[in-house]
Structure formats: structure tokens, C-alpha cells
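Okay, so subunit A shows up in both of these, paired with subunit B first and subunit C after.
Up next, the complex of A and B:
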């Protein structure tokens, strides 16, 4: 009975996330950070289980509904950067609503997979983790190499001269590697000499992520003045069950890998799974990314509630772990139930909100939305991290803009996480930091 | 066809394409800003921005904070801490991990190094050891129940070892906690209560104390020098307290050095020189046994030398271990090393171990020693005073007493005590419970035969309230109530088992002493001891030893295996300088 009292908190979290999801580039972790701050500073702010369930509801709502801003408003975060390409392709074909719903179907599949796997997770994951732990550094190294190598020289057959063709072929890859290195250096700076106030260190990465992912999108929209064609609200979907199943399976591979494996985000997991399962159909891809994104965000957070083998993966778990320790199998299965409940609720909200988004993008000037978003982002960064954070954001923005302007993958910006953590796992982090004069 | 701005000449209107000057009329053509400039600007800004940022922060000092200031929102902060090493190091060579605790005025935090950093620390001989002043830099990992400083590099760790001062064992007091001291003494006992800890009992003329040698120290610095009983040694160690008794924690095996001098505790005192001012000191006397009398808990003998006489008290466990105890007879020569105590105004010498009592059989010429008569033994013979006992036992019905009202004068009286059990421990012949009725504490001793008949034995745990009828006895200066039958132990109220939050092992510290905690983890080591098993439990945050007594262990012994996941509820204790949990309950999730 005591767990039933948590239901309203989970639902409230989902409803709150559904509102946030309509504000492009606003990440659920930023708002969760405010709740954590309130819990730390205000006594009796909320019961700890209640707060945990509110955050469960929020992350479920966000994982399902941030598709809307990703597709209609083109505001990808680190986990949706792959949806945006096929999603926006659909948007420009007037099928944004369909793309949104397909992503939602993938996410619903993610809910189902989490429920099915939840009884086995505790026994399996502890063992896998123990086996993998000594090998993390080289596995991450391989992932990084694969990420960079997969962006192989392309388009080198059109230049007038040999040099021009060489430049055409290598500029994307070169800028991709440069983006990775620069964001990696930024990550190392943040790890050892962050200008963010000590008392706000838990939001150390916020200004970097805003600068790398959100602000470049806003600037792009302000400068380009994109016009979106009139959208069609479909009543049927061109996706047979076998295709949905393939999409969910592919997405589950990536999402579960990202949820469990340290440092790897949903974007990277989805990217690897997409390659591993060689899915070429846009619909399969969109569905798979919906499942991957959901499993990454929600699956990682669910691992935090695993009895005995509690695993802290992902920003939400990382923040909550500082003030809360979940207890027992009862709470774990309650969390699974809340995920199912909030997942279905969020899907229903998605159907409605996608229609709102269709109306919104046709009625409201895209540039106005972009200006408001830019203001919100700067205010948020300043609120959490002060002037130091603003400085980080300003440094990160041109790095995040490089892939946009030079046509390389935005995923390379994840060097901000991958580089310092891989170096640290390999025992080289402090050495590189010393080379940079940081230690 | 409409061309974009810049494609036609604003002056003559002709198509000029990408030309920046009209080839027809020479007018300057205003172009839109090419994307390549934006690209290049972005590239330059990205590189320049990072360069400026690195330059700006590279000169800045790492931010220093106090341990008490660390909170949830400082997770992942890179900080410098200054303080004193208060525990550790504990070293795991398989994982190359080193853990220790830093304390400043505001709090205590666990610090850890892994892999490469541990190797660097060992290679640079920078192993933080209890008592060191330390400055360390690392990343904070804040969790709800514990916080760790993960060291970044050995280069950013500075240690200032403490300087030792020489002290007599007797003079070590509470003010010396965490001080490095140097003591000299002779090795009186060497034991290994469990794998990983060696205790060397050291004695000097003033007293005895244990020197604790953690196996991790030997793994880091090499083996302890070989010492044997009776060796004279000098030891430098940090003063810590175990159950209110001081002990020395060895920082490095080389801090124990053998001395080429005679036994430092071997000074023999004249009996006549001993007085009340030396009570609680260790003294050594040598003389002749004047008379011997048995009492319920052992033997009493009067020893005399040419300066006076003194009572020797040999508790049963000590007496039983003396190899030639049967030679303790009138006229025997005896040398005794023991603690001087006072009982009913009389001085007594109480040896702590059998090896402190050296008896040589009475020789014919000694037997006729007249001194024995000079001691006026008949006048002080205790036997007559024992005679009232039979008259007291049948007449005095047991009386309900508060613990505070009981004194050693009530020895052998039958009393009724109602109190709560605060501690339970097993020994070879039964169980010992500490009872507390709010006015004081007393030991409830239940022999095995009585225990076997107790139907509610399992309910006798900390927190349970009992009403005990039993005979009062004194053992090692401590009052004990000893029930004769199972019916003499009534359970008044069962223990209320508190609900406790599951904690991570790393979060358990000395702050939790005597607190009930609950932990979950994997069994990494099992070791038998006389009264049960030591179970080493580990989780992601650390390891801890759990002491499982037989009564807890027996029902689950088939399931207790290395690798098993268990939940343990119990009380935090410090044993031989290390934290442990004394299990009240073990379950298998």
C-alpha cells in the first residue's frame, strides 16, 4: 500500500516532463538538478521515495516526449542526434507527426522490454559488470576508434584538382576528429580545473552540453530561418508489425548497451546498434531510435534501483545517488510498475502533443522560439554554474557548431565525456592533464 | 528568372554570377556573406576558445575545501583536502587499490587510489599511513551514504610523517590517541586473532599493551621482523583505542626493532616496597609461598620475601595453564609478574597470563623456612571467614536488587536482577550477557548446561529484557550474576528489532560504533574461530569483517559460502583496531 502512494508523484513527474519536452533544448537533467538542489537545501522538501518516483516519472516522460522537440523543432540532445536526420527528412516531407508516433512506438517497445527483463537484471548484470570492469578502457577505446573511423572519407570525386578532391574527402573526417579532440580537451579541463563553482560541481557538464548541442541548434535556426512545410496528421502508419519488431530489437540492443555500459550515451549506443543490425529503412531506424533512447534514459535509471547490484549510470542516477539510497526488491518492482504506467501515459500524451507541435510550428515563428530558447538556456546555465559556466558554454558553442557547419557528425562532441573518462580508466588522465598544465 | 542578391549587378542589372566587381560597368557587387567565412570563423573560435580556456585555468590552484563542507552538490568536484590520516592504509594487491581515511577538524572522509596511482604511491614511497599529515587532490564521489576522494595522481599527494616520542606503557592515555609513540618492552604474547592481523603483546615495567600489525602493512612494506616470546623490542606506533584499552598500530614493519638488551620488564620489586600508590601497575615480585587456598574462581596464595608478604590471586583460567601448577605449595619459590590491585584494603598481585608465574618446587631446606611463621598466617587465614556462607545461603531468599546497589561485598549472595541485555557474547562454556537496568551494568553468565535447557535462548539478544535469579560472583574484578537453573532466567520482554537502513560497507565508520546497521554484499572470505565464523563481506565501496557467533551461524552454515550474496544486520564494533559488524541476523536475498 505504501508504494501506491507514490503513483501520484510518478504521474506528476511525467506531466511535468511533458511540458518541458515542448521547450526545445531543455534537458530533463537540468530540471531534475533543480529538484536535487531543493532537496539538499530545503528540509522536508519531499520524501526521498517520493522524489525518486517524481524523477522516474520525469525521465520516462522526457524519454518519450523529447522526440517532439527533436523532430519538430530540430533540437537534438546527445541521445536524439540520430533521430533528427531521418526525423527531419520526414518533417520536410510533411510527415513529422508520423515520425513522432513511430518513435513513440519504439519507446513503447522499450517499456515492454524493460518489464520483461526486470526480473533477471539483478542476477545477470552484476556478473557482467564484474567481468567487464577491468576491460572498460580498451572497450571504450575501440568504440571511439569505431566512431571516428566510421566517418570515412567521402565525396572526394568532384573537385577540380587532386588537392581539392583530397580536401573534399577528408574535411568532414578531419573536422570530426578535431571536434572530438577539442571537446575532449574541454572535458579534461572540466574534470580537473572546472570554472564551475565547487558547490555546483554536480552540474559541471551542463554548460558544456548546452554549448555543444543546444546553442548551435538555436543559432542555426536563428541564422537560417528554416520554413517547415504544412504537416499531415496521419491516421495510419506505414510500418508493419515485423518492421516494428525489427526496429525495437535493434534499438533495444543499442539502448541496453548504452544504459549499462559506462560513459556510452544513447546516441552512441543507437549508432553502434544501427550499424550492428545494418538497418537501412528510415522507419526501422526511427522506431529503433525511439526504443534505444527510452532504454538508455529509463533503463539506466532503473539500474539504480536494482537490489544488491545497484548501478549508478546516467546523469539522473548520478544526481539522485548523492542524496538517496533505494532499498529492496519492493521498491525496484514498484519502479518497474511506475515506468510501465508513466510510459503508457507519456505515449498517450505524445499523440496529443505531436498535434500541438504540428500546430505550433505552423503558427509560431521558428526564430521567436529560438530566441526564447536561447534566453532560457543562458539563464539556466547562469543559474546553475554562474559566470564560469557561461564561459564554458561560450567555449563549447563553436566546437558544437563545427559539425553543423562542416557536415560532420555531432556525435563527435561526445568527446567531452569519452576522452577524459577513457583516459582515466586507462590511467592516463592525470598525465594528459599534466601535459595541458592542469595538474 | 530571378537571381539571388549579389548575382546581378545593382548598377547595370546584368548577371555577374560570383564576380565581386561587375565586368560590364565596374560596379562593386555586394555579396551575401559566404558560408566558408562562417565555417572558418567557427573553426578559429573553437580552437582559440579552448586554447584560452586551457591557458586561463592552467595557472589556477586546485580549490581547497574542508571535509565538513562537502555536500551532495559537490559530486565530481576536483578538490584538495588537508588533514591527518586516521585509518589505514588497507591495500588490495589484486585490484591495486589503496584506501585510507583523512580527517580534518570538520569531518572524516575515505580516500582511495586505484591501479596506476596506487603503483605510483608505492613506487614513490608515499603510502598514506595512520598519523601522517596529508595534502591530497582528487575527485569527490558523493553518494547518499558515503563519500570518497579518488586520488588523481601520486604527484599531488604530500605526506608529513609524525615524529615519535618515547613513553612508558602505563603513561599512554586518551590524550595520546593518534600520536606516534615509541615504547620499549618485552614480547609477552604473539597471536593472530584472524588472518590479516597479528597482535603482539608488549610489556614494560609499567604495563602491557597490544601492538597491532595489519597484514596490509606487510604487503606494502615487507614482512615483520621475526620476534619471539621474551624478545626485547622497541616499537613505534600510533596510539589507538580498542574497547577503551590503548594499543599501538604499527605503521611500518621496520618500526618494530629487536633490542640487544635484557628483558625490560624483569625488574623484581621488594614486596615491602609495594604500596597503594602503585595499584594498577605491573610489578614483579619474587618470594616464597607461605600458604595456598582455593576459592571458587581460582587460587589464592600468600607470597613472602624478606620485606613483607602479598596475596597472589590466580584466576582459574590462568592457574589451569600453569604447567607446574601442582607445585604451588607452601615453601615453593615463586616469581610473579602481574597487576597490582587492592581488595578490601589488601594489596594483591594478579598475573595476566600463566607464563608470568614461575614456580619452582619447594626444597627441603626451604620448607623449614621460619619466615612462614612470622607472617602470622593463622591470624589472617581466610578459611574461617568463609564459614558464614552455609548459614547465609538457606536463609536469604533472593532479593530484587538494582545493579548499582550490588557490590563485591555481595559476593555469593542470591539476587534478582531485572534488566535489558545490551551485549551477548559466547565463550567456550556458555554465554556472557551484559545487563543494564539503567542504574548500572552487570554480567549475566549462563553456563552451557543451563543454556541448553533454556527454551527462550534465541530470544536472549541485545534489547531483550530479562529477570534473572542467580548467585553473585566476582571474576576479574567484575560482578557476575550466575543462574543455577533455566527457570532462573525469565524473558520479560523480547527485543524490539530496529528497522535499519541498508548501508554501503564503505560508509560505515567509527561514528557508527554500537549502532545497528544493515549491509548487503558478497562473501569474499570465511574463517573459523572458536565461537563461530569470521565472514569478510565486500561491496563496491569496500570490505568489512562480520563476526558471526555460533547461534547465528548454525542454522545457515550450509548457505554461507564464498561468493554468496548476503544481507547482514548487526552492531558496529571495533575489534583489534578494525571495524567489524557483530551479526544479529544474516539473510540471503
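Up next, the complex of A and C:
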């Protein structure tokens, strides 16, 4: 009975996140951080388990619904960056609603995967963690090398000589590598000498993510004068069960990997798993990204509740761990149940919100929507991180714009996370920071 | 095989060296060399070799003035010329870009049975190769007669749409003209020589173990490609042609790729544990139970393949060229 009393908190969390998720670039972690700060001083009003379930509900709602701003407003974050491209293509083909629903189906598949795996998670993950712990740095190095080496040229047809064609092909690739290096340096600077005020240091990456991922896309929509065609609200979706199963399977592999492995985001996990399972279809890709980002956010947080092998991965768990320690298998399985309940609720909300988003992009000029989105992005960065954050965003934006201008992979912007963490895990972070004059 | 399969196989190869695993646990990045070696052959081909190839016949059509018959005539004349002169020609078909995300598709087919080159205009597609609705124009097909005998080759239409178009080597072989798809692929980069060279470079820079890891990772790539229909030019520079593979899988078959990636992950985990100070995995349970789903789905794949192959007889050359096209397609998707 004591666990049943937690249900309203989880539902309240999902409802709250469903509103927050609609505001572009407002990450659930931004709000969760403030909640946790408040909870410390308001523990008489809310117990620790209640707060934890509120956050469970929030992260489930966010993981399901952040697709809306990515697809309809073109304002992605680090984990929805892979959904924007196919999502906006669907939007331009009058199928934005369908793309949103496909990500939701993927996320529902993610719920199912979590339920099925929950009894075994402790044993399996505890063992894998023990084996991998000393090897994290080079595994991240392997991921970086694969990301960079597996980007293929997108030009090279034109040119009188072989060298001219090679140059044409390598322009985009070179920009991709440059993007990775620059975002990596930005990440190191943020880690060692961030201009974000100390009391808001848990928001350190917000301005970088907004600058790298969201602002360039919104600016592109403004400058290119993107016009959204009349959208079709489909009553069925064009994906047979086998395709859904493949998408969920692939997304589950990527999402679980990202949930467990440091720094790897849901998007990167989904991308790697998509390659590993040889998926090609856009629909499979969208479903897999829905599953992957859900498992990345929610799965990582669930690891925090594992009875025997409590693993703190992800921003939410990291923040909550400072004030709370979950105890017992009862609470763990209650969390799994809450995830299932909130997952279904969030999916229903997704269907409703997607219709509202369709109405919005049809009624209001998309350029105006993009201007408002841009204003919100800047305002949020200023609100959470002040002038220092705005400065970071202004530095990050041109870096994030490089791949937009040259048609290289936007994923390379993830250097902002991958480079500093890899260096630190290998014990090289302080040395490199010293080279850069940061220490 | 797909890039990620080669890449992770290379990493798995590296983990068989106890000193490398122990160095990695202490902060070294030596095992990354395995991944680099694993993907290196395709990296060299798709990032360098394809652009350095000099075409003899360049098809570079304009979207507004597309003349299918003229293109078909030009290609057929090139094939006839090879028949007369016995001299190899490279044919390259450029794509037609219409905007940042839009391309005009066209396709060509070598009808080797009846001796024709067929060219036709397709729809406008976006970079995901999704056709723009109602963009297919009614346009006359180009059909030109070839007057020299042809070796059978890939019999379906090859589409030319996004990024870089395909190329073909037209060569006189066994008293007939052979049309070889994507001739720059799987040549020097996929040879024993390349394995030796990369191993040597790694060895000189980082030591003996690094050299072995690098060389064996390239070798693993080359050997994995031998599982397909088309092998590689293994003995380059002594030989000039790509060998026939074991015909077990196609490069982009999902299950063999998944099997390779999954098994490599299991090998990596097992080796990392095996060479740690306190191993915790039980080998019998690990391989006998946890790994078991992988061979089962692979067996299912081969069962299906045998059934399908019996029902549909396709010539070896056709399967080889289809493999090459699929590999180029993977590059486009990546």
C-alpha cells in the first residue's frame, strides 16, 4: 500500500514534463535540478521516495514527448538530434504527425523492453560494469574513431582531375573533423573553466547544447524560409509489425548501451545499433530512435534503483544521488510499474500534443514559429546560466552551424561531451587542459 | 560486410593480446588500432580511391535536358569500342543535383542477354532516396544496341541519384566484354599487402603488439569480405582481379552483420575479463547459454538462404555486382 501512494506523484511528474517538453531546449534536467534544490529545503512537504517518483514520472514524460519540439519546431537536443532530419523530412511530406507517432511507438516498445529485462538487470549489468570499468576510456575512443571514420564523402563527382574531386569530397569530411575538434575544445573549456556561475553549474552544458544543436537548426529554418505543407493526421501508420519489431530491437540495443555507458547519448547509441543491425528504412530508423532515446533517459534512471548494483548514470540520477539513496527490491519494481504507467499516459499525451503541434504549424507562419523558438532558446539560456551562458551559446552556435553549411554530420558536435570525458577517463584531461592554458 | 562489423571485429582481434588488454586497463588506447585497421580498407576505397579514378566516358546529364537515348548511345558505343580495341575503359555516371536535398534520379541497365543498354529517367528524390510524389515525368526511354558479346552481369536497373554516382570498368575478357561494377573497390586496399603495410606502420610507431593488432585487424576485414560473393584482390600487386568469395552471405545481409557485431562484443567482454586480475565470467555459461541466440539466428538465416537460393537461380557475376551495389548503397546511407 505504501507504494500505491507514490502513483499520484509519478503521474504529476509526467503531466509536468509533458508541458516542459514542449518548450524547445528546456531539458528535464534543468527543471529537475531546481526541484532537487527546492526539495532539500522542503523535505517536510515531500518525502524522498515521493520526490524520486515525481522525477521518474518527469523523465518518462520528457523522454516520450520531447520529440514534439524536435520534429515540429526543429529544436533538437543531444539525444533528439538524429530524429530531426527524418522528422522534418516527414513534416515536409505532410507526415509530421506520423513521424511523431512512430517515435512514440518506439518508446512504448522501450517500456516493454524495460519491463522484460528488469528482473535480470541487476546481475547482468553488475557483471558487465565490473569488467568494463577500467576500459571505459578506450571504448569511448573506439566510438569516436568509428564516428569520424564512418562518415562518408557526399561530393566528389565534379572536378577535372582526381585531386580536384578528392578536394571536393574532403571538404565536408574535413569540416566534420573540424567540428568535432572545436566542440571537443569547447567541452574541455566548459569542464575546466566554465563561465557559468557556480550555483548553476549543473546547467553547465545547457548553453553549449542549445548553441550546437538547437540554434543552428532554428536559424536554418528562418533563413531558408521553410514552408510547412498541410499536414495529414493519419489514422493508421505505414509500418508493418515486423518493421516495428526491428525498429524497437535496434533502438533497444542502442538505448540500453547508451543508458549504461558513460557519455554515449541515446542518439549515438541508436545510430550505432542501427548500423549493427543493418537497418535502412526511414520508418525503422525513426522507431528505433524513439526506443533508443526513451531507454537512454529512463533506463539510465532506472539503473539508479537497481537493488544490488545501484548505477548512477545520467544527469537525473547524478543529481538525485546527492540527496537520496533508494532502498529495496520493492521500490525498484514499483519504479518499473510507474514507468509502465507513465509511459502509456505519456504516449496518449503525445497523440494529443502532436495534433496541437500540427494545428500550430499550419495556422502560424513557420518563420514566426522559428523566431519565437529562437527567442525562447536565448531567454532560457539567460535565465538558467546568465551572461556566461549566453557567451557559451554564442561560441557554440557557429560550431554547430558548420555541419549545417557544409552538409557534414551534426553528430560531430557531440565532441563537446566525448572529448573531455574520454580524456579524463584516460587521466589525460588535466594535461590537455594545461596545454590549453586552462589550469 | 557493413563498416561497423569490420570495425568491431578489428577491436575484438586486438583483445586476444593479453599485454594489450592490460595496457588498455592502465590507460592505453592501443586497442583502438584494431578498430582503425578493421575499417581501413573501406576507408581507403570510399574516401580516396573512388575519387582518384579517371573516367574515360563521363555521363554528366543536365536535369532539364536529359536525353536518355543519347546517353544509351554513348555507353553502347563505349562498350563496342572495347570490343574493337580490347582496351579497358572506365565509365562514370554523375548524379543530377536539383537543390540542397533534392536529386533527379535516372537509371541504367545492361541487358546482357539481348545486348542492349537501357537508360530511363526516374523521379525526383530527396537525400533519403524517398521520391517526391508525382515527380516522375513521362520521358522516352533510351535503348541502344551493343554489337559485341557480353559476359552476364547484374541484370537489374542501377539507379543514379544521390551524392556520387557509380562507375563501371568495361573490359575485354574471355572473348567477351565484361562490365565490372565499381572497379575501384576491393583492390589494393583489400590485400595481404595492405595488412602487412598497416601492421608495419603500427609496429614502427607503437611497438610489436600494436603492429600485430593493426595488421591482423586489416586481415580480418579482408577475410570477412571473402565470405561474400565477390572477394578481393588478395595478392595485389601480383594479381589484378578480384577473386570469387565463398558465396555465403551478401555484404548487407542483416543477420550475418548482427551475428558478427554481437559475437565480437561477446569476444571483447570475454577477453577483457579473461585477462583481468580477477576473472568473473564462467566460460561455459557465457558461451554455452548467453551466446547461444546468435548461432541459432545465423542457422535460421542459412536455412532461409538455402531455400531461397534453390528457388531463384542467379548467376554468380550478377550476385557479385549486386553485392558491390549494396555496399555503395550502405555508404550512401551512412
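To be clear about the criterion, the second predicted complex is superposed on the first by the 427 of 439 C-alpha atoms of A that agree within 3 Å, B and C clash if a C-alpha of one lies under 4 Å from a C-alpha of the other, contacts with A are read in each partner's own complex, and residues count from 1 in each chain.
Just so we're on the same page, contacts are C-beta pairs under 8 Å (C-beta built on N, C-alpha and C of every residue); 3 or more make two chains touch, one makes a residue touch a chain.
It should be emphasised that the depicted structure is a prediction, and the values quoted were computed from it without experimental measurement.
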Simultaneous placement of subunit C and subunit B on subunit A, clash or fit: fit
Partner chain in contact with A:204 - subunit B first, subunit C second, else both or neither: first
Which of subunit B and subunit C A:327 touches, first, second, both or neither: first
Touched partner set for A:47, first subunit B, second subunit C, both or neither: neither
Which of subunit B and subunit C A:427 touches, first, second, both or neither: both
Included angle at subunit A between vectors to subunit C and subunit B, based on C-alpha centres and rounded to the nearest 10 degrees: 110
First (subunit B), second (subunit C), both or neither touched by A:36: first
Touched partner set for A:135, first subunit B, second subunit C, both or neither: second
Touched partner set for A:150, first subunit B, second subunit C, both or neither: second
Where subunit B and subunit C come nearest after superposition, their Cα distance in Å: 7
Footprint overlap on subunit A, where subunit B in one structure and subunit C in the other make contact: 427
Interfacial residue positions of subunit A with respect to subunit B in the complex: 36-37, 40, 175, 178-179, 182, 185-186, 189, 191-195, 198-204, 307-308, 312, 318-319, 321-325, 327-329, 391-392, 394-395, 398-399, 401-402, 405-406, 427, 429-431, 433-434, 436-439
Footprint of subunit A on subunit B - complex, ascending: 35, 38-39, 42-43, 45-47, 49-50, 52-54, 56-60, 62-63, 65, 71-79, 115-117, 137, 139-140, 142-145, 152-153, 155-156, 501-504, 520, 565, 589
Touch list for subunit C against partner subunit A, complex: 2-5, 7-8, 11, 24-32, 35-36, 39, 43, 46-48, 50-54, 94-95, 100-101, 126, 128, 130, 133, 163-165, 252-254, 257-258, 261-262, 269, 272-273, 276, 280-281, 329, 331-334
Complex contacts: residues of subunit A adjacent to subunit C: 86, 89, 93, 127-128, 130-132, 134-135, 137-138, 141-142, 145-146, 149-159, 162-163, 165-166, 168-170, 173, 272, 275-280, 282, 407, 426-428
